[in-house]
Structure formats: C-alpha cells, structure tokens
Amino acid sequence: MMSKWIPLWLHKLGSPPTFYRFAGTLRPWMLALALLTGAIALYGGLVMAPADYQQGDAYRIIFIHVPSAWMSLFIYGVMGFAAFLALVWRIKLAEVVAMESAPIGAAFTFITLVTGSLWGKPMWGTWWTWDARLTSELVLLFLYLGVIGLYHAFEDRRQGARAAAFLALIGIINVPIVHFSVNWWNTLHQGSTIRLLGPSTIAPGMLWPLLTMMLATKFYYLASLFGRVRTDLLDLESGKDWVRTIATGSTHQ
Amino acid sequence: MNPPGLTTACAAMLRRDLTLAWRRRGDIAMPVLYALIVTMLFPFALGPEDTLLQRIAGGVVLVTVLLAMLLALDAMFSSDIEDGSLEQLVLAPQPLALMLAMKILAHWLTTALPLIVIAPLLAGMLHLPTAVMPVLVLALLLSTPMLSLLGAILVALTAGTRRSGMLLALMLLPLCVPVVIFAAGAVAASQQGLPWLTPIAWLGAALVLLLVLAPLACAAALRIALDA
Amino acid sequence: MTAAPTAAPNNTPLLEARALSFHRQEEPVFAALDFRLCEGELALIEGDNGSGKTTLMRILAGLLHVDEGELYWRGEPLLQRDRCIGEILFLGHQLGLKADLSPSENLRISLGLHGCREQVSIASALAEIGLSGYEDESVRRLSAGQKKRVALARLLLLPATLWLLDEPYANLDRTGIALVNRLLENHLACGGAALVASHGTVSFHGGEPQRIRMHA
Amino acid sequence: MNASSLQHFLAMGGYAGYLWPAYAVFFIVLLADFFAPLLRRRRLLRELRSRLARKAVRQQRQAPTPTEPA
Amino acid sequence: MNPPGLTTACAAMLRRDLTLAWRRRGDIAMPVLYALIVTMLFPFALGPEDTLLQRIAGGVVLVTVLLAMLLALDAMFSSDIEDGSLEQLVLAPQPLALMLAMKILAHWLTTALPLIVIAPLLAGMLHLPTAVMPVLVLALLLSTPMLSLLGAILVALTAGTRRSGMLLALMLLPLCVPVVIFAAGAVAASQQGLPWLTPIAWLGAALVLLLVLAPLACAAALRIALDA
Amino acid sequence: MTAAPTAAPNNTPLLEARALSFHRQEEPVFAALDFRLCEGELALIEGDNGSGKTTLMRILAGLLHVDEGELYWRGEPLLQRDRCIGEILFLGHQLGLKADLSPSENLRISLGLHGCREQVSIASALAEIGLSGYEDESVRRLSAGQKKRVALARLLLLPATLWLLDEPYANLDRTGIALVNRLLENHLACGGAALVASHGTVSFHGGEPQRIRMHA
C-alpha cells in the first residue's frame, strides 16, 4: 500500500541500516553548515546591525530568541507529522524521528523561555508575566516534556513511541495558539513583525542576520536529529548483525 | 449467545463500577477530605486576612478540586489493568468507546460529584460571597466532566506503563489550563459583578465537543497502550 | 466435579505450535519449538532454571507476542486472541490475587470475568481445595501454600479447555500435590488439556504425558 | 578593534547582564543537546559489548554440561 | 567476621537508595514538574495580577512543595516491603533507626532537594521579591526535612495496611500545619520587612528534635507494622 | 568455600526452644514446641500448608514476638535480639531483592549491611551458584529460579552461624537443589547449624537430620 506512492529510494531509506549510514554521512555537513551560517549571523547581528532606536542593544537578543521560538514551533510540527505517520503506517523511522525530535524541541522551547525572560526584564520590567504567548509557550514545554516522559515510561520502546505519538497529536492544538495568541488576545508581547509574504516591518540590517540565524538553527536541527536518530537506531536494533559489527568493530564511526 | 444489547451492556458496566466504588466507599471520601485539608492549609500559609482569602477563594477552590480529581484519576483504570479485566473489555463484543464512556461517567459520579457538593463549603471557608456560589458550582459542573474526559484519555495512554501519578499530572495539566482559565474567569467575573455567561458558554461548548470525541480518543489510546 | 469442556475429542489438535521461536533483546530464548496438544492430553514442560518455560507459557497465554513461527488453535491460525480467550486458564508465578480481599471475594471476581462452570460453588471449591474455614480471611493473612491453593481453586471453578500451569506444585505440601494431580486427571478425563511446567516429578496416573524439553 | 571598542562591544550599551547570559544559555543548551546522544551512544555500545561478552560466558558455561541431566 | 562498621553500613544504605533513585531518575523529575505545574495553575485561577500573586507567592510555594513531597512520600517504603528487603534490613546487625535515617536522608535528597532548588524559580514566577528568596529557601531547608521525617513515621505506621496515598495525606497534613505556619510566617515577615529569625529558630529547634526522635519512632513503628 | 563459623562445637546447644507457643488472633498456631539445635546440626521443619513453619522461622529470626515459652541462644535467654543478630541468616518466601538492581549490586548491599566472609567475592559466589553471565542483568529480567539463586548466593557470601531457610528448594531445578544440599553440608561441616522448612524430601548425606513436626 505504501509502496504505491512512496518512491523506492525513500522506501529503502526507511530501512534502519541505510538510514544510519545516510545520516552518518550527512550529519557533519549539516553541522558545518550550521556553524558557518550561525557564525555569519552572529557577526551580522552582534557587530554589523545597528542598535535599535528604542531598545538600544538589548534588542540583539532577537537573533537567538526569535529563531529559537520559530524552531520550537517548527519542531513540534515535524514531530506531529512524524507521529501521524508512525500511528497510521507504523513506520519505525517515523517513530524514531518523532521521539528524537522532542528533546530538541524542548531545548529550543527552553531557550525561548529563558532568552525571552532575559529580554523581558529590561523591556517590560519583569522576568515573567502571565500573558497568552508566554503561557502558551510554557505549555508547549510541558507538552514536550510529557511526550518525553510518556515515551520513557514504557518498557517496550516502540509501544512507548506510539503512545507518546498519540499525545503529541493531541497537543498539536497548542501550536496555533502560541502563534496567534498575539492576535487573539492583546498582550504585552510583540505582534508579528516579520512576514515571509508581504513587507516586513523590520529594518533590513536587522532582518538578514535574523533570517540567517533561522537557517542556522534549521541546519542544527538536522544535525542533532541525525545524531539522535542514529543512536536510537543502535538501541532499537541492538540485536541485529549490523549493530553488532559496529559494536565489536571500530568504536568510532 | 448473541452479545447483549447496548443498553444492557451500558447499564451493566455502570452498575459494576458503581458497586465497586461503593465497596470501597472510604476511597470516595478521600478526595473530599483531601480537598478540605488543602483548602484549610491556605489560611495558615497566607495568614487569616479575610479580604485576601475572599479574593483568592474561587481560584483556590478550583485548583484544589482539580488536584483532588487528579489524585483519584490515576485509579480509573489501574485495578482493571492489574487484574486483566480491561483486556476482557477490549475483547468484548461491544463498542469500546461507549463502554469507556460509562466508566468515565461512573468515575465522575464517584469523585467529582462529591467534590462539587462540598465546593460551596470550601469556598465558604475562604469567605467567598454567597452570591458567587451558584456560578462556582455551575463552572465546576461544566469543567469537572472535561477533566474526567481528558484525564481518561491520558490514563488510557499510560495503561501499559508502570505508571506514576506524577506523569499523569505532567500530561494533564497543560491540557486543562484552558479549562481552569475559563472556569476561574466565570467565577471572577461574577465576583466583580460582570457578566459571566460568555466563559460558561465556552465551557459548555467545549464539553459537548469533548463528550463526543474523548471516548473515541480514549478507546484509541487504550488500544495503543494495550497492544504491544 | 463437572466436566467443563463440552466438545468431544477429535483429530485436530487443540493447540499446535510450529517452529515457534522467541527472542529477548535479540537473544533467542528458544527456537524452532514444535508441539501438538490434543484434547485429553497433558504436556510437561521441562528445563533448567532460565530455560524459557515461563516465557513459553506467557506466549501461549497471549501475554507475550511470538517472534516467529505459528500457533494454531483447533486447527486455525491464532492471530487474534479472541478466538481462544475464555478457553485458556493461566496460572503463573504471580498468583494474581488481591491481598486485601478474601479468597471468596477473589474467586468471585474471576467468576465475573470468565463465567462459571455449572454446579460448582465458591464455597465447595474452597472446601475441596482444603481451605474451608478460611473463606473470609484476607489473603494477606494466608500462608504461602494457602495462597497457592486459592489460586488453584480457579481450576475448579472456571470453565476452560486448556490449563497453563507454571510450577503448580511449588509451596504445596504432599496433600496439595496429590490434589493438583487429581484435578489434572479429572480435567483430562473430561476432555481438557494441560501444559504444566515443573521441576518436581509429576506422579501421574493414566498414560505417559508428552514432554517438551527446553534447552537453555 | 582596540581594547576600548572591545569593552564597548562587551558592554552592549549597558545590557550586557541580559544579553550575554541569553547567548550563553543558547550555546550551553544546544551543546548539551548535541553531546547527550553521543554519550548515550558510547554507553549503548559499551553495554552491547558487555552483553555479547556475557552471552559468550553463558554459552561457554553450558557447553561442558549439556542441559539433559539424564 | 565482625559486622561492618556503622559508617560502612550507612554508606551502603545511602548508596543503595541513591542508586535505585538514579535507576528511575524519571521519577525524581516528577515532583519538580508537578510543583511547577501546580504553581502555574494559580495565576490562571486567580488572574495574572502581579500584586496579588506577589502577596500569596510564599504561601503558595510552600503549599505546593508540601503537596509534591506528599505525593512522593508514599513510595518511601512500599517497594521495600513488597520485595522483602525491609525484613532483611530489620535483621541486619545494624541499628535499625540509623539505617532508616539513611533511607530518609536519601529520600530527602532525591525529592526535597530538587524542589528546593527550583523553589526560587517558582517563587519568581509569582513575583516574590528577590530579597525574600533566601528566607524562603532557608524555611524550605528547615521544613522539608521535617516533612520527610514526619512522613516516614506515618508511612512506617501504615506499612502493614492497604495504604492509599490519600490516607497518608490525611494523617500527615494535620501534623504539618504547624510547620507550614512557621515557615510561612518567616517568609511573610521577611516580605514585610519584619524580623524573621524567631520562626526560623523555632523551625530549627523542632528539626533538631525530630532528627533525633523520628528515626527511633520510625524504627519502632516499622517493627510494629511488620510484627503481624 | 571458607568456613564462616569459627567457634568449635561444644555441648551447650546453639539454639534451644522450651515450651514455645504462638497465637494468632487468639488461635494457637503452635503450642509447647521444644527443640535444641547444636552446632553442626540440621533440623527439618515439617508440616502441612498453614501449619506454622514460616511463623516459627519468623519468630526465630526475630521478626515476630513469641507469646509464651523461652528461647536460648548459646545457653543464654534470648530476650534481646542483639545477642544473636549478625549470626542468623533468614531466607523467606520474599527474597528481598531489588528488581531494578543487578545481582551483584543486590549482593553488595547485603555485604554492606552484614559484612563479608573472607576470600569469597561476589563474582565467585555468583559463578558457584550458577549465574555467571548474569552479574549485570537487572533482577527483574531473571527467571523465578534465577532470582532464587541470587538470594541463595547470600549463603555463600555472608557470615552467619545459623541459617533459617524457608522452602529453599522452591522454584529450583535439579542442579539447584543439589547445590543447596551441597551448601548445607559444607555449612554443617564447618560447625554451622541450619533450620530448613521444606515440603520436598531433603536428600541429605551425612547423618539423619532432626525433624520438627508442626501440627496444623
């Protein structure tokens, strides 16, 4: 049924040893790209971009806050999609991708919360308020943690992955809430200033480092995900011959 | 030897759970006592200042009821899982979602209802004005079933694990944040003399939606958690 | 005692295993296991500690999922458990008794789940198993052998064709062991079948039982 | 870039106390996230090797005394 | 051939419990998450009004930490009773009270300490002034061991019964009302700029007393519970 | 194996019970029980299920308090437990193992509490008991007999004069039973003593053991 519409190479990629090797070759490249674009973005953001006329230099937190915030939502989306595949077609690789995305998403959500509150102190005069966006982002962190916790609560890892995938799907309603909260409720938090379609209301000198950093975080996500998926595959397939050769053969690879 | 009709099966299911609860009627009293004591702790922790207590009464009662329900939630399926009757239920020739709905109903009747009955007492201990009581009860009547329904889904998900109630709390609380916000919003509005119908209406709408969807989701979750 | 199984013995075996194998953390617990069990037959599972007797039992009871090989129930592949559920009675190392409840309450729960044989009451089953006088004691307060006997009373009460007994003799005294043997004989005589894992020698009158050897 | 301009840069217009911790958190969390699976992978492979070794011991133990006692 | 020295035995005991906790380290995180979420619920239930939150912050954090500890308390001896290792402990040639003190210490380290570490964060979320934080942490450092010690006695007493976490809550909460009063008193005093040393001193004195008496009481209670 | 007890056998019995009786809810479990156990001696406790074997063991171990009668340890009244504690090793129906820990971790805890015999390492004890290769597996993953063996490894490791073994043979295969018998023989030869409750026949070389019969 799957084979009808999934191309052969994709089908093959879904086999754990193939994906293990594929991810192994791609991961250093992703990491290098992430480091390169990240360095450029940092230079652009911290050195080249002018200070904001209102916020002074504090606004430079934007170059990590906003990409991290986007990633926290984007990764939840990826996780939800993979969870859907895992539940409907029981694809092992989809389970692994969903479950290994969760810690990365949680990391970005955590960064968003911390950088946001570090930014909020000088801007709003408080580390934390209970407004809609901040709260829903915190709820997002709890959803990630719930998924991770449920996954690890099971003895059988694949069963745990499916149960956690179900939870991830239930929680996906929170993603639009985070994104649109600034429109639906009037809050302290800033509304959308950056649009991919239509004109952005941000100075181009600030925009390009932001977009470059966004690219860097995407590359980083892929690099980290590949590393995690490789490890998880080793664990899941620990009895298979290909894992044994890795274990007994060269320790580094 | 045909499977019994739907009504018969539902009634049997409901009766079974209510009888079991009655056998352990001490356990029914526990959430109530727990809520009482937690509510009592607040005046000690915050100092017996009437206006302050009055201001927080509605919210504290809501949170307390929620926590008490949470503690009882863990037991919704656990004994059935231990003795294998849940597996029997899954294999029974009846729509699983409907049977689960009956279980959830029984659970609500035995844990939430007693809490709702004493909620005015708890609120009274914190000096909530009498005029606000009906709104509080109404909000509880609408929000506790939602907690039961949402909780049932999550409890079903954790059915195959060596569970800890804490994991359940972690999973449930994000989902019930909106419920708490709307319920507390209604109580607060009524306390300030503002119209409180809008949040109550939202709660009602969400409840109707959940009443339809949650049993189905619960059945799906249970099948995932039981089948290895 | 009344006969629970009603179907007359015929040629298709009740339970058949073909090339059954099971892995734990990718290590084989057993491999290529074949056996057939007909109605009225007893099979002894023998093997050292850790050779996989309990594992096999749990697979047959449907508590673990088999890796490879096929199971047939009355000649039909056993893919869905509901085909044989209610016909199999499993008694494992864990007795599955609620320590807070009394023996009769525990048994009543089992009856509610599985239905009851005709003409056997809980009181008479407990008396037969040697626990009269302990009906309403809480199980927590029984001795190890008495607990085991409560679990064994299920054999008398519940209708089932195939008994899966994991070390049924452990903790029992000599009269208890004789009792289990008598129960087994009756069950087989009535067309039932049983798989028994045990380290002790099963002194069994009435035909040499089949032996399934597990190799660790 | 001379020392004073570096100082100026590090001061970040008086917001250094907020800005640099934010960047530090960003990098520390991502580093931890990146290295956690590598550590886990090392542990997994070590466990797998010891499991294989143990399995060899078990098989060796069974070889001289076959399971059939009689 | 002499029994090992007290230090060796204590170290073995402590290491054992910490290893077990580490094996199930997910369970360590749970009380922390629970406390976080419960704290979060209050702003939703009471409305995000900064001055109000600030006023109740200390009390809410104390109650929350107490509830989180309570949930974890139930597990202190239960697994040891089930698998018979408590019997072995009673039979070991070591003073039981000391061994139990080690168990309680391990329990405090794995449940209360993480809670104390995040308590400032919780308090910060409710806008407790930074100046008050040290007093809050101090109060928690003194009061949580008391909860662990009192809880251990009660858990030991209920060891033989079919316990439910609720029963434990019912027995423990009245006992810890004085603890809550003094701890909250210290925090409130510091928040109002009043001297807060007196309640802290009382807490300290009570803690010293309990440190000596509670392990003995716990050992006695356990012997009673096992002797059935 | 090394000798744990060092004292030479002499005439005062190690343990003596005079007119021991025990009641449970005002019903006698046993009454007027007398026996003497010297160093180098083995006593078998025999009786039906529920006759009070475990109860007697728990009394001797100091887990239950005796109602009437006296107990003497090396000729002196055993009022305070600390007189014999550390010299008694009790192995009951509950094995006292932590399922989350490995066999070696479990044994290391016992060593920390009880001290260790000389020249016996955990690894060698586990090898002797037939569990080499399972040292670092978690106990949860062991079979029933393997768990029992881990508990029995304490007999090898811990110093004690009197062994109280409640059904040590349950769940063990034939090699396991032979092993327990060998352990017992060694222990007695070195001047230790043992009380064993068991339903199976203890095939014991080296003198007829004393028998204590419990009457239900």
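To keep things simple, chains are lettered A, B, C, D, E and F as they appear, and every chain counts its residues starting from 1.
Just so it is clear, contacts are C-beta pairs under 8 Å (C-beta built on N, C-alpha and C of every residue); 3 or more make two chains touch, one makes a residue touch a chain.
All values reported here derive from a predicted model rather than from experimental measurement.
At the subunit B-subunit E interface, residue numbers used by both copies make up over half of all numbers present, so the two copies contact each other through mostly the same positions.
With respect to subunit B, maximal separation of chain centres occurs for F (centres as means of Cα atoms).
Here the spacing of subunit A and subunit F, counted between their Cα centres, is 58 Å. Subunit B and subunit C, compared by their mean Cα positions, are separated by 40 Å. Taking each chain's centre as the average of its CA atoms, subunit E and subunit F sit 37 Å apart.
Centroid to centroid, with C-alpha atoms defining each point, subunit D and subunit E lie 32 Å apart. Residues of subunit C in contact with two or more other chains: 25, 27, 47-48.
Annotation for subunit B: residues touching 2 or more other chains are 164, 167, 170, 173-174, 177, 228.
Touching of two or more other chains is recorded for residues 135, 142, 145, 149, 153, 238 of subunit A. Put simply, subunit B touches subunit A in their complex at residues 153-154, 157-158, 160-164, 167, 170-171, 173-175, 177, 217, 220-221, 224-225, 227-228. For subunit A in complex with subunit D, the residues that touch the partner chain are 46-47, 51, 56-58, 60-61, 64-65, 68, 100, 103-104, 107, 110-111, 114-115, 118-119, 121-122, 220, 223-224, 227-228, 230-231, 234-235, 238, 243-244, 246-248, 251.
Touching subunit E in their complex are the following residues of subunit A: 126-131, 135, 138, 142, 145, 149, 152-153. Those residues of subunit A whose C-beta lies close enough to touch subunit B in the complex are 87, 135, 139, 142-143, 145-146, 149-150, 153-156, 159-160, 162-163, 166-167, 170-171, 174.
Residues of subunit F touching subunit E in their complex: 4, 6, 61-65, 82, 85-86, 88, 90, 92-101, 105, 108-118, 159.
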